[in-house]
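Across the two complexes that follow, subunit A remains constant while its partner is subunit B and subsequently subunit C.
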Partner chain A sequence: MRLLSCFTAITILLAGVSSAIATPLSFFLEEQHLGSVTEKNWPGKYLLIGIGYTSCPDICPTTVMDLSSAVAGLGAKADKIVPIFISVDPNRDSVKNIDLYVKYFSPNMVGLVGNITQTTDVVKTLSATYGYSLEGKPVYPPLPSQYEVYHSAYIYLYGPDRQLIDVFGYGLGGDKISQKIATYLKIESL
Partner chain B sequence: MNNKSMINKPSYLVILLTALSAYFASVSVLASCQLPQGIDRFTPQQQDNTLPAAPVNIINYWATWCGPCIKELPTLNNLAKQGIAVTTIHVGNKPKQIQTMFNRLVITLLPQTYIADFSPVRQYGFNGLPATLIAVQGQIKYKVAGYIETPEAELAKWLTCIAK
Partner chain C sequence: MKKILFCLVFSLFSVQVFATNLHDDGARYDDGARWAFISDKNSTSVAVVDTFEYKHVDNLQLKAIPVQMAVSDVQDILVYIDGKTTNIYIYDLVKNTHSTMVLKSVPTDMIFHSDGAQLAVASQNRIDIIQPLQGKFGDVIDDLNSPFSMNFDNGGYNLYATEAQTGKTLIYRTHDGKQQFVQMGQGKVSAITLSPDARLALVSQYQSNSVYIWDLFMEEHFATVTMTDKPWRPYVSSDSEHIIVIANDGKGAVINAWSGEEVRQLQLPVKPTSIRTGWLESIGIIESATNLAIFDLGNDKPILNVPLIKPLLELVVVSDSKTLFATQQGSSDLMVFDIRSQQSKAPINTGLTHPNLLVMGITNTVCH
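Now for the complex of A and B:
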């Protein structure tokens, strides 16, 4: 029988997103070329953020592909948006690995990773969820050699003021996300 | 006029009976081949009319960044060696990376076709990669979401069975 994959868990967790009022974005993470970064990097830009990890066991979510195509679909306005993928598996995703991974999709994609505390903090600020399991039971750091990662799979759009603008469901697809972002950019330019 | 009509009626009947017989024979073959675990029966809302009418055709969507996709490529190549039609479609316009990966894995019998993005895959209800469709006589009948866990020999046996 197929093991409960991260992906299955993602789907289950889609129904469990927090309904709490969104707080402004806040994080302290590492980027391969920039070193330590916070939400204050990329001033004046919108941030399109997804969370996940690079070592999918039997099925790979398309979050980073959606981030990339959503931004590419904006054409000339793409430079207003910074697509960011944050690892929720810092135990296995090094800052170098996540950079290599995201650059496959787009040279403008930013891959971020922190320690477990920093990861928990950024996930909390996104009102997202993540965790680890082994044979269906939750496990906690220090993690065993084998474990699965589960996490919510929304994509978040934050404005230049780092306030949450919109949240896009997993599977919506880059084209539709792009169209919605284009609407927000149009409103801003009025 | 009446005579002509009388002559043609048995011909229509023969054609109809032959068609029905072929249909029920194919249904019977599919039903008698034991479906391996992890492979689901699937009828898409819209069939892909461009599929070749091979007895069986595996359509596999993959990407070079997807670990489980890479893991199953050698199995698909081996199935192609056994004469099973396999169409691999890379998600993403990355011909150089596809070539490099095929060279590394010594994949010689699979096409290096690619599509720009995931939208065509999503229309079949898939939400991730790898994603595999199995068509019988040009009609999509089965799907596998994620890594194909069926052992190669069992998979080949089942594919040969449904191809009859």
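Now for the complex of A and C:
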């Protein structure tokens, strides 16, 4: 087997990691109003997390809407959940832009962005994947002026202990996600 | 999903719209993550299964018994071919109407572009790029020999078509029709597999019992994995992290797609028949006639063998990566397997005598 040499560091940065199902959530990112944040912010809260980027034409707005409506659907229990959207395109998404973007969908939505290493780290902890392509082929930082972004389209629910509770597939919809979260909250309150 | 209606464009080929309204109750099956469509081997019935609620909800009547089906989640259509006629049948899942497009020869294979509008249709020594919702014919590719396999890459920028007898692979750029060729392996090869990140292309080479891997980014040979028996078509997990190779003697491996290093070995007691991954791409699933072999992709933990009541026909892992659905030989029931808990769930009766093909609009979990 041939080992890649000059691209190894970059590719490891961008590679998703699949064996981290049991890995507790961990990140170090930036938020417009809070500054640097980690998974330890929002103590006692559940975190409902999606990843994407602000110039995404289709999937990401749907994901953010699902995050928003899933939490809104919980009614009085909505304050137990913090909806978070994390950018996987830090080259184009500033902390200000991601905040503006998510606030269009919900004033309670949290938008996070980091540098490429921090982005890779959080994607790894989510067992997700992301990367960039141009003309059907992958491209790596430093990125060209034009490129496309691909990324996992899951929505993740983490508990107050930052352990993964459940994962929801793209297309499930906010109502269904809300119902499932309500079940978990009910179990917790028993 | 929002549908974009295009103007109907008539081409040199005929388009027949039957406008048969099969469902007056206004049933819409336009949620690609929710609805599974299951054909019957001996009839034109297609069972609709709600994968959110785990129940059979409806039956559609097709114009022919399908030998292959595909769903566009974007345009909300079910397309199918019957293996006998030159027709492409199109079923509108919102309007519940049928139409057909007539090709020059009998289609043998088809695959949707990621835009959900373009469909590549294979027939003898030829690929037609069509737009089924519009009934529009596009480019024709005829510089290749049947049989061949087809695959669109990341975002649908290129269509790859690999000749099964030679490994000669056409790379067709979809937006301008530019063609180039790459040689994938030697001699007879399997259908081509592309890693979801479009970095690697893989085929099994049957003369040498090996898996040939080409690096599309570096445009050079990446690796050749030698097997101990005829290799199954290789598989890459949807996060592009792991390559799974397995041979007919049950021996195989999980390989890191970046370093090329072996992550774990596989030894199954029986001949494999398909490969899947799921539950956030941490688990590999290899089907055989008698078992589902369930194993961790990232470590050497023992393989869990789940006995099957019946051999499986078609498998789908749904978009949350947690559930596997499969049609079974000689059973009306759809098998449901919870990948997360690694346990079978109650089967879903389809009402069909011989369930066969199984398709959904969304099964992938990566947004391009």
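Note that the second predicted complex is superposed on the first by the 165 of 190 C-alpha atoms of A that agree within 3 Å, B and C clash if a C-alpha of one lies under 4 Å from a C-alpha of the other, contacts with A are read in each partner's own complex, and residues count from 1 in each chain.
Assume a contact is a pair of C-beta atoms (placed from the backbone, for glycine too) under 8 Å apart; a residue touches a chain by one contact, two chains touch by 3 or more.
The model shown is predicted, which means the values in this text are computed figures rather than measured ones.
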| item | value |
| --- | --- |
| First, second, both or neither for A:133, with subunit B first and subunit C second | second |
| First, second, both or neither for A:185, with subunit B first and subunit C second | neither |
| First (subunit B), second (subunit C), both or neither touched by A:143 | neither |
| Partner chain(s) touched by A:78 [first = subunit B, second = subunit C, both, neither] | neither |
| Winner by number of subunit A residues touched, once subunit B and subunit C are compared | C |
| Partner chain(s) touched by A:154 [first = subunit B, second = subunit C, both, neither] | second |
| First, second, both or neither for A:69, with subunit B first and subunit C second | first |
| Which of subunit B and subunit C A:116 touches, first, second, both or neither | neither |
| First, second, both or neither for A:168, with subunit B first and subunit C second | second |
| Contacts of A:59 with subunit B and subunit C, given as first, second, both or neither | both |
| Subunit C-contacting residues of subunit A that also contact subunit B | 1-2, 7, 11, 56, 58-60, 170-171 |
| Subunit C contact footprint on subunit A (complex, rising order) | 1-4, 7-8, 11-12, 15-21, 52, 56, 58-60, 127-129, 131, 133, 135-138, 148, 150-154, 167-172, 176 |
| Contacting residues of subunit C [partner subunit A, same complex] | 31-34, 52, 73, 153-158, 173, 196-199, 216-218, 222-223, 237-242, 255, 257-262, 277, 279-282, 296-299, 318-322, 362, 365-368 |
| Residues of subunit B touching subunit A in the complex | 37-38, 63-69, 91-92, 94, 97, 117-119, 122, 127-130, 145-147, 149 |
| Subunit A residues within the subunit B interface of the complex | 1-2, 5, 7, 11, 55-62, 65-66, 69, 101, 104-105, 170-171, 173-175 |
